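Below are two complexes that have chain A in common, paired first with chain B and then with chain C.
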Partner chain A sequence: MDQNMNFQTVMLIVGFLMIIAGCYCMIRTYHILKIFIGVEIAMKAVTMFLVLAGYVNGRAGLSQAYVITAIVLEVVVAVVFAGVTIHLYKKYGNMDIRNLTQLKG
Partner chain B sequence: MEVIIYICLALLLSFCILAAMSQSLLKSAIFLAFASATLGVILFVLGAPWAAVIEVSACSGLVTVIFISAISLSRIKKEEVQKLYADKKQMKYLPYILIIAGIVIIVAALAGSVALPGTAVESTEDFREVFWNSRQADILGQIVSILIGGIAVYVLMRESKD
Partner chain C sequence: MNYLNYAAAVFLLIPIAAIAINNICPKPYMKKNFHTLTGTVAVFQIAAAAYALCAMNANGLTAYDFSILSNLKITGSALFRLTPVSLIFLLCIGMVAFVSVAVASKTVESMRISYVNLLMTMLIGMNGMVLVKDLFTLYVFLDVVGISSFVLISLFRSTKALEGSVKYLVISEFATIFILTALAFIFMQTGSLAYQDIGGVLEGADGSQKNLIYLSIALLIAGFSIKAGAVPFHSWLPDAHQSADTAVSILLSGIVIKIAGVYGLFMVVSLFPGVRAVQIALAAIGVASILTGALLALRQTHFKRIVAYSSVSQIGYILLGLSCGTTVGLIGAVAHVFSHAAFKTTLFSNAAALHEQVGTLDIDKMGGLQSRMPVTSLSSVVAFLSTAGIPPFAGFWSKLLIIIALWTSGSAVLGGVALIASIFTCAYLLRLQKKVFFGETPEHLKNVTEVKGGIKFVEIALTVITSATGILFPLVLIYLQSRGLI
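Here is the complex of A and B:
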């Protein structure tokens, strides 16, 4: 490994790979919970990037404030996803997001 | 410290890939919880203990509970997931895509000499001071988003009148 490949750069590469994995998971399925898993994987990479930025710049306090906001939003998104999932299952008996196009009103 | 980070990064990426590729939703939820716990360790080692605690408690705990509740309320079986969504077929290319993307990114990083600053500047900020004094708008935004989430769940769950 090259000497300029420090652990910060490795974290950046792993984060990009996690975003690719999350996006692939979101694109390749119609199952709403698998899409949610893809969103969560990408969010974890974003959380890691925020803390890495704080570590590199020496502004850990500010980066932690951003991370906590991101985590709160993640939980709210999880709750809304769960609500949509249960509603979708009750109405159509499966979790296929293509059913959402049939909704009216 | 670096050894811990490298081990945790390998575990984090593995758990994320397993969560994406697993055909059982329950296993996916558990792998996601492990990934959150591993990320919590990384955050702690990087000097963000408050973020680590909230990551472990909220993402590894609360989100997993919400996710497993949604799975158990909808009672969809592994066979149905495979049959309806062909998940095994859809996800089998993920490792190859990640290997190719990883090689491309590493080669690009080495060719362009992309490297983040190695020595971290010593942080003098106190998280509590920043959060409660400088980032008050964030707190307001968090409260509003929680309220909107609550209203959204109420709207989704309310019984139809007819």
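Here is the complex of A and C:
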């Protein structure tokens, strides 16, 4: 039991560190693809939380269903993001978000 | 009772059928008739919601479980639930979708097939969100709404549209991360995410478990506030609204921020009733949104930006209504969702009319359009009076209910703030009216004429809805009193 508690705590801390790293990456970089890498890192941590939740409460089947659905949605978002990125690259010739200054106020 | 089951199926099956028809029919034919198809879907949805509301009332039902493909008699097969509140949300969705289509028949020249596909996907997502019975499915439909709105914003691939879309996308990803983390923690404690299993989770928890639950509630509130565009998460909202096509802005401001954001917060409030922390958080976000949105709207010069910041401000009123935790507050919030959907879509259709006829939306370049565009001018005045809460329009009654709820639940100060902030609402909308419709007419605007077709029709229809709801609202209050709700 004690060992189990330790395992959960470790996983929780690792997950939070990954989320913080991902969010820091999203805030601090100016390259669009690097921002998306940050999103992906944080989403992997969230997926791990779902798996951990299924492990803790003993309903691994349900958590499997949740994880697969979450991954599918993540891929769809990735596709949309890539599409927008390609069009921005065609317009500006690079992927720096500091170009995006047309909407202000 | 059987008819109620068919009416319920309309909300999810008809949009799917519309997507199929849209892609099977020959392209030139669909390009010409795209508004007939989508308008029919919206009218069907309005009719089904109104019918189901009457049927549930006649049978005295407060909830009706239904499923689409499986047999209802098997336990756990009913995946969807109709309630009076969700029916009012569905009515708003149908109304806003109809207005968007009517405006799109004028403003959307190319990409019509994609527009219909995305609009129908978004309709499925929003209908699903208000019908589901568990939090994970709510998240799935929330992502469906989000993805279709990212693509709709950047539909015409102008630089501004791509910029607005990218900002919305990145900020929405924060919301997704927050909401999914919260769901994982709640799932860890309860072993299920169905609404009826989450209710008692706070009572059964102790120590560190309780902290995790509180953390997940905070994450849920943050995530849904991002989707609702409430302060301090509002930065994406004016950019996305300004850069999108006006038909898409109507959808975003009229309904998406309310279904994706406010309905989620409504679920949080009803899943964790009476939790003081939730109420304080919602009240703080609400007051900040009201004041910041109104003050920022005062210094904008773009028509759609002013209206977008006004949305931020009005969302604050809805959150204040939710924060009371009383039935009157919830009724006020839902009523304000309806009246906000009506007057905000009116203001955006005015924006579409001005963009069509004048060619710009910069309010410094306009003036004296009242005599040249009488219908647009009159409908925008009615919408402005309703936004500011002047009787007898619909906005007055919903704001009155919210302020009464705040007063009776012991936060009189917040009620006072909500009342005084109405003056700011008057200020920025008066500035808008004065610069666009009154004063001297510049030389280059002498030949402007009134807009025709779909836009004119929805302007008149929405003005009638706003006025009629306001005049007939006492009947609603009498009905609610007879049911013992207020």
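Going forward, the second predicted complex is superposed on the first by the 93 of 105 C-alpha atoms of A that agree within 3 Å, B and C clash if a C-alpha of one lies under 4 Å from a C-alpha of the other, contacts with A are read in each partner's own complex, and residues count from 1 in each chain.
What we mean here is this: a residue touches a chain if its C-beta (ideal position, glycine included) is under 8 Å from a C-beta of that chain, and two chains touch if they have at least 3 such contacts.
Bear in mind that the values here come from a model prediction, so they are computed numbers and not experimental data.
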item	value
First (chain B), second (chain C), both or neither touched by A:V84	both
First, second, both or neither for A:I35, with chain B first and chain C second	second
Contacts of A:R59 with chain B and chain C, given as first, second, both or neither	both
Touching partner for A:N94 - first (chain B), second (chain C), both, neither	first
First, second, both or neither for A:Y24, with chain B first and chain C second	first
Partner with the higher number of touched chain A residues, chain C or chain B	B
Partner chain in contact with A:F49 - chain B first, chain C second, else both or neither	second
Overlap of the chain B and chain C footprints on chain A, listed as residue numbers	22, 52, 54, 56-59, 62-63, 66, 69, 73, 76-77, 80-81, 83-85, 87
Complex contact set, residues of chain C against chain A	136, 140, 143, 146-147, 150-151, 154, 157, 159-160, 162-167, 169-170, 173-174, 176-177, 180-181, 183-185, 187-192, 238-239, 242-243, 299-302, 305
Chain C-touching residues of chain A, taken from the complex the two chains share	19, 22-23, 26, 32, 35, 39, 42-43, 46, 49-50, 52-54, 56-59, 62-63, 66, 69-70, 73, 76-77, 80-81, 83-85, 87-88, 91, 97, 100, 102-103, 105
Touching residues (chain side chain A, partner chain B) in the complex	2, 4-14, 16-18, 20-22, 24-25, 28-31, 33-34, 36-38, 40-41, 44, 47-48, 51-52, 54-69, 71-87, 89, 94-96
Residue numbers on chain B that touch chain A, as the complex places them	2, 5-6, 9, 12-13, 16-17, 19-20, 25, 28, 32, 35-36, 39, 42-43, 46-48, 50-51, 54-55, 58-59, 62-63, 66-67, 69-71, 73-74, 76, 80-81, 84-85, 87, 90-91, 94, 97-98, 101-102, 105-106, 109-110, 113-118, 120-127, 129-131, 134-135, 138, 141-142, 145-146, 148-149, 152-153, 156-157
